[in-house]
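Here the structure comes first, spelled out in structure tokens, and everything after it is commentary.
Labels for the chains are A, B, C, D, E and F, by order of writing; each one numbers its residues from 1.
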Amino acid sequence: MFNHFDEQGQAIMVDVSGKTCTLRTATAQARVLLKPATLAAILEGSVAKGDVLGVARLAGIAAAKKTPDLIPLSHPLAIHHAAIEFRHDPATGELRIEATVRAFERTGVEMEAMTAASVAALTVYDMCKGSDKSIAIAEVVLMFKEGGKSGTYRRGES
Amino acid sequence: MFNHFDEQGQAIMVDVSGKTCTLRTATAQARVLLKPATLAAILEGSVAKGDVLGVARLAGIAAAKKTPDLIPLSHPLAIHHAAIEFRHDPATGELRIEATVRAFERTGVEMEAMTAASVAALTVYDMCKGSDKSIAIAEVVLMFKEGGKSGTYRRGES
Amino acid sequence: MFNHFDEQGQAIMVDVSGKTCTLRTATAQARVLLKPATLAAILEGSVAKGDVLGVARLAGIAAAKKTPDLIPLSHPLAIHHAAIEFRHDPATGELRIEATVRAFERTGVEMEAMTAASVAALTVYDMCKGSDKSIAIAEVVLMFKEGGKSGTYRRGES
Amino acid sequence: MFNHFDEQGQAIMVDVSGKTCTLRTATAQARVLLKPATLAAILEGSVAKGDVLGVARLAGIAAAKKTPDLIPLSHPLAIHHAAIEFRHDPATGELRIEATVRAFERTGVEMEAMTAASVAALTVYDMCKGSDKSIAIAEVVLMFKEGGKSGTYRRGES
Amino acid sequence: MFNHFDEQGQAIMVDVSGKTCTLRTATAQARVLLKPATLAAILEGSVAKGDVLGVARLAGIAAAKKTPDLIPLSHPLAIHHAAIEFRHDPATGELRIEATVRAFERTGVEMEAMTAASVAALTVYDMCKGSDKSIAIAEVVLMFKEGGKSGTYRRGES
Amino acid sequence: MFNHFDEQGQAIMVDVSGKTCTLRTATAQARVLLKPATLAAILEGSVAKGDVLGVARLAGIAAAKKTPDLIPLSHPLAIHHAAIEFRHDPATGELRIEATVRAFERTGVEMEAMTAASVAALTVYDMCKGSDKSIAIAEVVLMFKEGGKSGTYRRGES
């Protein structure tokens, strides 16, 4: 069931040396729940008071590169693209962080996208926790994945 | 509003050199939503098929040490304790990851606890994504914080 | 003459365990020479086309934290403050990057400030090299140092 | 103008997944201005009092490998060659550090060469600052670049 | 004699850009000498008192990925497989750690295997030193290597 | 028996926040077995053909700083001193590497010394493996430890 373990139940970095390189893309999403006033301050802030989203975006992109160092059994990958998009709902205070990663590699880039979205969300938390410690990272999920043998995955489609 | 920026809105690592060291503790929680069958396999697996939770625990503790490298404006901290607890609900498939960090320092350890819980959750996702890509990290929140000038925080108490 | 070597000429990390912690500050400056048009685009860009200086500032602050990993015989230090200021001369195209680091430590933070200024300058180069590869980092120097036994240093005062 | 930002001015790691791997070479140069007496001591020292240039060389090569971790929007690259050459002028006290990096990759290695030269220069500063804090890194520039679509670049040729 | 130096005796990262990628495998072995009672406790412990070998295995796999950061003149490699096996002799207290690494690369993976075995052994030492500081890492050697121009190597065959 | 696990056998970073800082020293030794001709070449080489021991020394000192990143449950420590000494026996080809680390800290620096000695030995192996793959790291042991509650340890004294 868990392909990071061998038949004796021992953790391994799975052998992918025999796999062919293909173009892999993955998109993950993290949702952060803020007070509407905090979200409003973030959105204004990018101009005058400090660019919370700019800092979080760079943290997410840098984290995508650090994935092999964070996720113990993941393979070192040379990613070829990383981007972070923000969307928001001023009424509810929800901030959506979408991280997309691409690489021409032997294995998928889901963990790179999930890690980028998570660390961008953690960075938003870090910058806003002075005014509100109760901010929640409400969800981190894989939205889309393409390019491997298991085919295309799109969240919500079964 | 955002204390990681100066008056011109420029990102800074806030000066804490004048603050006194006190004993700081923080606990964060991440909830992972699995299919009940996947959760059951994880719980059995620790004995026979591979220790998913053992790997996630080490990833979380290691991540606590990497926090200054991941969160751009956080201070380098020498943490003095880190632990990860797991709780689960076999009926719903929910796995709760609780990360606690402690340090005698000039600034709080909330980000270390939040990062440890997040990376432990990401590692669970990594190990289980082969059988289920739809697993969600359902929430990452700060549960408890103690030891700084802003006093004790306990989630749910206002 | 070189205090990073012992009497046999062997490289060492000098023993500072017997020194007392004092408050240390250091400021370093890097100057980057751009075409006036490139500098103008950077200054406008922070609003509309991309925040070159914002990215460089974060790179510099992060680099200050990585100093012990970059400079072989430097001591690991827990820095308590890091900030990057930019000044510019639209006529000449010169961009001045000033990095200030502070820590309550047994040894000085000059290398942290020098490294922060250098990496911020390298990041400006990285972002502008697409339009002009001839950009020069014109100078990296220590401007100010305070807090150690050797007293206060101010560049230009002998 | 700045190709590290998308049309909305958002920082991205540019997508290079569609580019072909070619052999890339880059050479960067840093000049360090020392007192002639300090330079003389460095040159003698390599035999008897401590090998300043040997330490700086290793720091530069190691830094080339760390470039993706230092320069926020740079791509992770597997470099295939790195070397550092020193030249000096005993009369003026100038030390020239030339870093060359090569890789068979989708994107150039200029930043790896610039980073290697800068960190080698910072390491020279670190080792000599005990006797002279006024040492200046006088210039860091790209000297040569070959192998990408933009053709060969040689500093000084327009 | 030492191919990490050029003709002037200067340390370099050897140029491998002209070499072809081939499938490389290396296996290294570390032997740890414990008191039989300590070894017995480790073997029982994996179930009830703490999984020493599980922690050491993850440390070894993670260390294989960090090799380019630890060994100054080694090339950055994207390894495709890493695994750690343990064997033991209850009578003598000897624990044998065998690390295997594989990659499709221009250069061999001996250092990755040697580093993985060493760090796994150091981690066993770390976890047992509370009860016995005299534990020795008795040997770290390359057992097997395959895939490069120098052909297959098997320890003990001359 | 293993103090890196709690009562449920779960891996933790032990809480040392209540301990007092004291001056800690540790010395570890690694022995490398070379062919006498290889050792002779190393010893000459430091002048003319390349400084194997100089490279290994820097690798060991750098590794001491990376210990918290390599040993999963170790505490992040700010070490205050690190040095590597080499001794050799021309007749047998044995090279002895002695690493000493010191810090004013809440916990011991044994792992920093053991890691420094191991990585210096691995680096010697890396530089000599081109001429002799059968080189063995013959032993890595703790020689001396001082400064904690458990008192002074000296290898060979029971």
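Rule of thumb we're sticking to: a residue touches a chain if its C-beta (ideal position, glycine included) is under 8 Å from a C-beta of that chain, and two chains touch if they have at least 3 such contacts.
Just so you know, these numbers come straight off a predicted model, no measurement behind them.
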* To do: In contact with chain B and with chain C at once: which chains are those? Just list them.
  => A, F
* In terms of CA centroid distance, which chain is the most far removed from chain E? -> C
* Examine where the copies chain C and chain D touch and state whether the two sides share over half of their residue numbers (same) or under half (different). => same
* Structure fact -> More contacting C-beta pairs: D-E or A-B? The answer is A-B
* **Selected pair, out of C-F, C-D or B-E, that shares over half of its residue contact pairs with A-D** => C-F
* Asked: Where the CA atoms of chain C average out and where those of chain E average out, how many Å apart are those spots?
  -> 37
* Mean-CA-position distance for chain F and chain E (Å) -> 16
* Computed distance of Cα centres, chain F from chain B, in Å -> 32
* Asked: Where does chain C touch two or more other chains at once, residue-wise?
  -> 10-11, 47, 51, 54-55, 58, 62, 66, 69, 72-73, 77-78
* Who touches whom among the chains? -> A-B, A-C, A-D, A-E, B-C, B-E, B-F, C-D, C-F, D-E, D-F, E-F
* Asked: Which residues of chain C touch chain F in the complex?
  -> 6, 10-17, 68-69, 72-73, 75-78, 106
* To do: Enumerate the contact residues on chain A facing chain D in the complex.
  => 23, 54, 57-58, 61-62, 64-66, 77-85, 102-104
* Which residues of chain E touch chain B in the complex? -> 47, 51, 54-55, 58, 62
* To do: Show which residues of chain C lie in contact with chain D when the two form their complex.
  => 1-5, 9-11, 38, 41-42, 45, 47-52, 55, 58-59, 62-63, 66, 69-74, 110-111, 114-115, 118-119, 121-123, 125-131, 133-134, 136-142, 145, 153, 155
